[in-house]
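Each of the two complexes below includes subunit A, the first together with subunit B, the second together with subunit C.
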Partner chain A sequence: MNEVREKQSNYRPLSSKKALQKTMGRYYALTNYHRYWGKIFRRPLAWVTSGAPVELLRAFNIHSAYPEQYAAIYSARNATVALCEVSEAAGYSQDLCSYARSNIGGVLRPDLAPLGGMPKPNLLVACNNICGTVLKWYEVLARHFKVPLLVLDTPFLPHEFTAQAKAYVLEQLISMANDLEKITGCPFDEKKLAAEMKRSREITSLWIETRQYCQNSPSPLNAPDLFINMAPIVVLRGSKAGIEYYRKLRDEVKQRAALAQGAIEDERIRLVWDNIAIWPQLFSFYKMFSEKGACFITDTYSGGWAVEHAPGTPMESLAATYTEIFLNRSPKYRANQLIKLIEDYKANGFVMHSNRSCKPYSLVQEVIRKEVMRETGVPGLMIEADMADPRAYAEEPVRNRVQAFLETFL
Partner chain B sequence: MPNHYIGVDIGSLTVKVVLIDDDLKIIGQGKERAGYSGRTIAQKLIAEVLAKSGLTTQNVGATVATGYGRVTFSADREVSEITCQAKGISHLFPSARTVIDIGGQDSKVIKLFPNGKVADFTMNDKCAAGTGRFLEVMASALEVDWQEISELVSASKKPTKISSFCTVFAESEIISQVSAGELKADILAGVCDSVASRVASMSRRTGLEPDIVFTGGVAHNDGVVKALAKQLDFSLLISQEPVITAALGAALIAREIKK
Partner chain C sequence: MSDNNGQINSSNALELLLEEASLKGTYRMKRYPGKKFFGYFCSYFPEELIIAAGFEPLRLLPDSENSTPAELPGYCCSLAKGTLDMEIRKQYYDLIGIGFTHTCDTMQCLSGVWSACGQTKTVDIVPPVMLNAPGAFSYYLAETKNLMMTLSSLTQTAIKESSILEAIKLCAHTRSLVTEIDNLRSILPSPLVFSILRAGQLMPRVEYVKALEECLPDLKEMSSKNLHQVKILVSSAVLESDSLFAMIEELGGRVVADDTCTGYRHYSGNTVWGSVNPLTDIVQRYSEMPPCPCKNRSLNERIHHLTTLAKHRNAQGAIIIIRKFCEPHAWDAVSLAESLREKGIRTLTLELEGASVGGQERTRLQAFLEGLLESPDL
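The block that comes next holds the complex of A and B.
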């Protein structure tokens, strides 16, 4: 048995961190002061799900805010439990997604929410490509704020995206554009949409390129870097600020790769991560790995935003891009995706976070885990936790499993 | 000469110590309730085991700690129970491919490669169902001594059904069965079935490959052994002292460190 090195890994900080803070700080300031400028610039504020077709909203000058993104911040700032307790007291089940619970908690008690909670929306846009929870959650919000709710229903894809399903989604996008014309008083301009999508594609390809450098050994980035740096691609997709930021990040990561600088000192085990980050334990959890020389070189979660747009007219491309996302696809598809990541990134193993909150992401994981282990021959570990609610995290049992898993690499 | 090795397993309920020599022979062992400070008990047990064999700490080449209390114990290395259990079992049963371990606070299923290394594992925690703790709580609700369980269960003709997995709810279920006049032996047999079925479903999830070794304190309990073998439809191998297999594995790892 080799000696397990107990040495604490020194984490290599990214110098683009300042730019990230500035970019995101500006976005949050803009969003939270929307009431002062929204009317003047005739830019309504929409609360949208992470899988909503924002390029279409941007084509109508709509400013988007993401309850899921805010919920992740609530969690990183230790406010989730208090906010969840508010919504649980209001009758929402503990089994409901903790993003939904903490968001609703923040709506009911903004004083308990970091950043003073979210600014009031003028409309809501939900797309069920990520889960069914968002539909009911946004209905609750629509009743509370008495604002319009637009829904994009993307049928689950057990196999390929059929012509029928395509037509169904496309039709909805066209009617969504009609609704948005009425709500904003702004005519739909296909050219503007095309321009938005072009910028969005540019951000996406920068994110893809950045991630690909992690195929290098040692990997220039570890999972917490990926999780932190995905914020702009979620909220600033299609914006110039987003493009600027990802150019900076790409340059730094490219340079790290060229200099063979790893995100962690002494990378010995390369792992792939599956599921949403464990936000309340972002550093302590991943440190259990990094201090044993294990680096998460890529993941399926922040990788969800590293997907090229589908071809076709702007509307067709939107329809396919947003319907074909991995959470809306079969376990077989997801297993293949993981297998490909393990091969492309030369990973030695993978870790799945069975996330109590996120049923569509988690329920099929055991089947996928078995299949991936069989196909690749690398070990896969399952950890039980929650992306935001620390009450679902049992430190000792988690540490036990992680240690046992890492010992199998000795 | 420091040519002896110690494995200490500080579990949630009991502390186990195994002392081996250079030829991997067990030359001493000890076991005691963990109580408030598993670490103190471990130190005491080690001193006793060494004294009984006429040895001192000078004779110890290395010590490896495992179990929930491993982190607080200063040993040459702390190793997870999964790795230790696999090591101990494959030493005792080289043909083992699956290990089912029911301890005080968790139960686990470990799949082994033919070389004895861990291929995969599943653990049941956060919940006491299917663990030694569950059995203990039910036995005390029935005012039955831990040691009497096996004997009583063998007398049962018609085990009752315990449907709750939750330890607290199962306890009240048992109390109502008592007041409904069910026989103690039948209720206990029901309890054993319940533990077995919980662990069996976890085992099936991990995948079963013979030979299957059943270990941990609960493997002493014939009622659970029979129920589990029946539910899995496999025969189970059990070592003479299933309680100490993880500590044995730790001792074997201690010897490897030194080599």
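The block that comes next holds the complex of A and C.
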């Protein structure tokens, strides 16, 4: 995600960008050369979904790679269409999630994928807290690679996290630890898990703190900053490298806030973003806003990683933290979350990306939009696009809608 | 149907079933004024509990495949859009409630959207996705118990254990009658069987069973076997009309195996009873029935089940339907087609907006069936 070139004129670049590139560059190099060191250090490679309980895998010394993260890079490097066409030719419908399609395209044709595609996994770990798609996608991968697929089934929460759901997730986590013992040959060490969780909590607090500075006016960060800087919290959660990076970023953002330096010039309109970034248009899309003085001061997507861990034993905390994520909850819950963001960040409006690829994120947006507008009195705009597949992006209509929306703030 | 002449009884019964299948529950209040209907979407919603609560289960099917309710984006399946539109048009105001089962992402979202913009009471059950995962059974049991309480609260009367037992038996009897019909597929016209099975999800249960019992002997006699028909397996999500089955038949095919949500998959699997807690039996049935693409019992169980079924029924071809924007079925379609082809079963994947087939599908189906008819293996 840090691969995207910054094309904005009135954009204030972060000096921690170099550190980000270094941190992520090291991670990708390590991941892509896994075949050379994985066996030697007895560290299997797992492909994992973005909502998988990675702390447990780290406690077993497993190195994790994220197909969703790679798919975002494929998109930023304009490779998504070619890769999606490969999977579509193999029979996968164009209506399926474009992360999944481009990932499968990269598996079938690594030569077309940036970074040479992903290194082959030794195991697959999916958690359906973000969507049902990941289960189907990882089933396809498990059949292709013929490697074990471990699934954590986190029941959708129409209301609260019930006692039966807690017990179910916990039992699966215990069984997952048993499976990982067999796969890695390492015994499960609860202390190691606790240490991983502690580091993970630290990274999360740094990310929360960094984001909170955006409550200042002008906001020190804009949406593209948030999207680019979320990469380490996804892939390096629980790592020292991740903590070091977020300390740097936090310090810089804190300083910006103290000096009242905004991410964009003349911040006039404060907006909240809902849904995954539009990766192929990352800068051109948000530029339409920034040139009119509109800044996205916070968002629900990268904010998904800014949630404190739940209390309890390490396993209990994992169970609750990973089941209670916002995508696994009702529209009511999500509307309240957006209302709170609008209040806390003193936003003047919000923009929802109706993302064709991601049904659980998008299908409920219209009822949320209405409720949030009713409760807060601020306007909300809906834009239809796709997070990765540029074929679903119609420039002209989007531009017109954005312009009309921004005019309401005049 | 009170006529003493068995022949007339039987044809009246069949007529009733076909009528109910085509009405899709729309005249329920006129036809069954004393009954209270409870709507549901998915075969994983335990109909035994709806019946035990004193309601009639009514599967909600869209009356149009082109509805565009403002609350859902265009890239959503027409089952969700069509039924939500009906709710907004107040087509369900008489229902006691509507049951949502967490199956796919769309259903999960539809439940929330419905409760935000509809008037009918919604009731959720979230079964495990990984049906064989450790802890899945106890979790499912607790969810089912909660569902029972919620249904009881709708009538302000506790559901009696004896009512659950009776409902389990009624459902078991329904399933065994339907299985008898499913076994007659090779001698019965495909759209007829499909209609009869759909009717069972749209009309009061006791009346359905009675009608089935009455027409079953005649159906057994009603052979329409044509040796030159191509034997086909159909796999799909919900199909609210017989359009596809009628076209297959018209073009020289016969559906000998039906893996559709509104077809035999709804009734398939064993009914168990006799446990101390009848809810355990219900959970066991739903955990063990042949899975749909939204559930996982093991990596390849569904594919294995369908390739075995196709072989067992001597299917020569398979037609996989993807309802536009239906992700779970679209995902499975690829691996399923591959496995069927490996077993020598030619496969055609068709994408449909809803349930009806038109000129474009006719051309593809015709070419597919003709290819099979001319195949030397036939």
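Throughout what follows, the second predicted complex is superposed on the first by the 401 of 410 C-alpha atoms of A that agree within 3 Å, B and C clash if a C-alpha of one lies under 4 Å from a C-alpha of the other, contacts with A are read in each partner's own complex, and residues count from 1 in each chain.
Rule of thumb we're sticking to: a contact is a pair of C-beta atoms (placed from the backbone, for glycine too) under 8 Å apart; a residue touches a chain by one contact, two chains touch by 3 or more.
Every value quoted in this text rests on a predicted model; they were computed, and no experiment measured them.
A.B. asks: Considering only the touch criterion stated at the top, classify A:400 as touching first (subunit B), second (subunit C), both, or neither.
C.D. replies: first
A.B. asks: Once the shared chain is lined up, is A:132 touching subunit B (first), subunit C (second), both, or neither of them?
C.D. replies: Only subunit C; A:132 stays clear of subunit B.
A.B. asks: Now for A:185: first (subunit B), second (subunit C), both, or neither, which partner does it touch?
C.D. replies: neither
A.B. asks: May I ask you to decide whether A:373 touches subunit B, subunit C, both, or neither, giving the answer as first, second, both or neither?
C.D. replies: Only subunit B is touched by A:373; subunit C is not.
A.B. asks: Looking at A:384, would you say it contacts subunit B, subunit C, both, or neither? Reply first, second, both or neither.
C.D. replies: A:384: touches subunit B and subunit C.
A.B. asks: Give the label of whichever partner, subunit B or subunit C, reaches more residues of subunit A.
C.D. replies: Partner touching more subunit A residues in the overlay: C.
A.B. asks: From the superposed pair, tell me which subunit A residues show up as contacts to subunit B and also as contacts to subunit C.
C.D. replies: Subunit A residues touching both partners: 366, 384.
A.B. asks: For subunit B, which residues are in contact with subunit A within the complex?
C.D. replies: Interface residues on subunit B, with respect to subunit A: 68, 77, 79-83, 106, 117-123, 125-126, 205, 207, 253, 256-257.
A.B. asks: Which bits of subunit A are touching subunit B when the two form their complex?
C.D. replies: 1, 4, 366, 370, 373, 379-380, 382, 384, 394, 396-397, 400-401, 403-404, 407-408
A.B. asks: Per the contact definition, I'd like the list of subunit A residues that touch subunit C in the complex.
C.D. replies: 90-93, 95-97, 128, 131-133, 135-137, 139-140, 142-143, 149, 151, 153, 155-158, 162-165, 167-172, 174-175, 330-332, 354, 356, 359-360, 362-367, 371, 384
A.B. asks: Quick one: in the complex, what on subunit C touches subunit A?
C.D. replies: Within the complex, subunit C contacts subunit A at residues 70-73, 75-76, 80, 102-106, 108-113, 116-117, 124, 126, 128-130, 133-136, 138-139, 142-143, 146, 293-294, 296, 299-300, 322, 324-325, 327-328, 330-335, 337, 349, 351.
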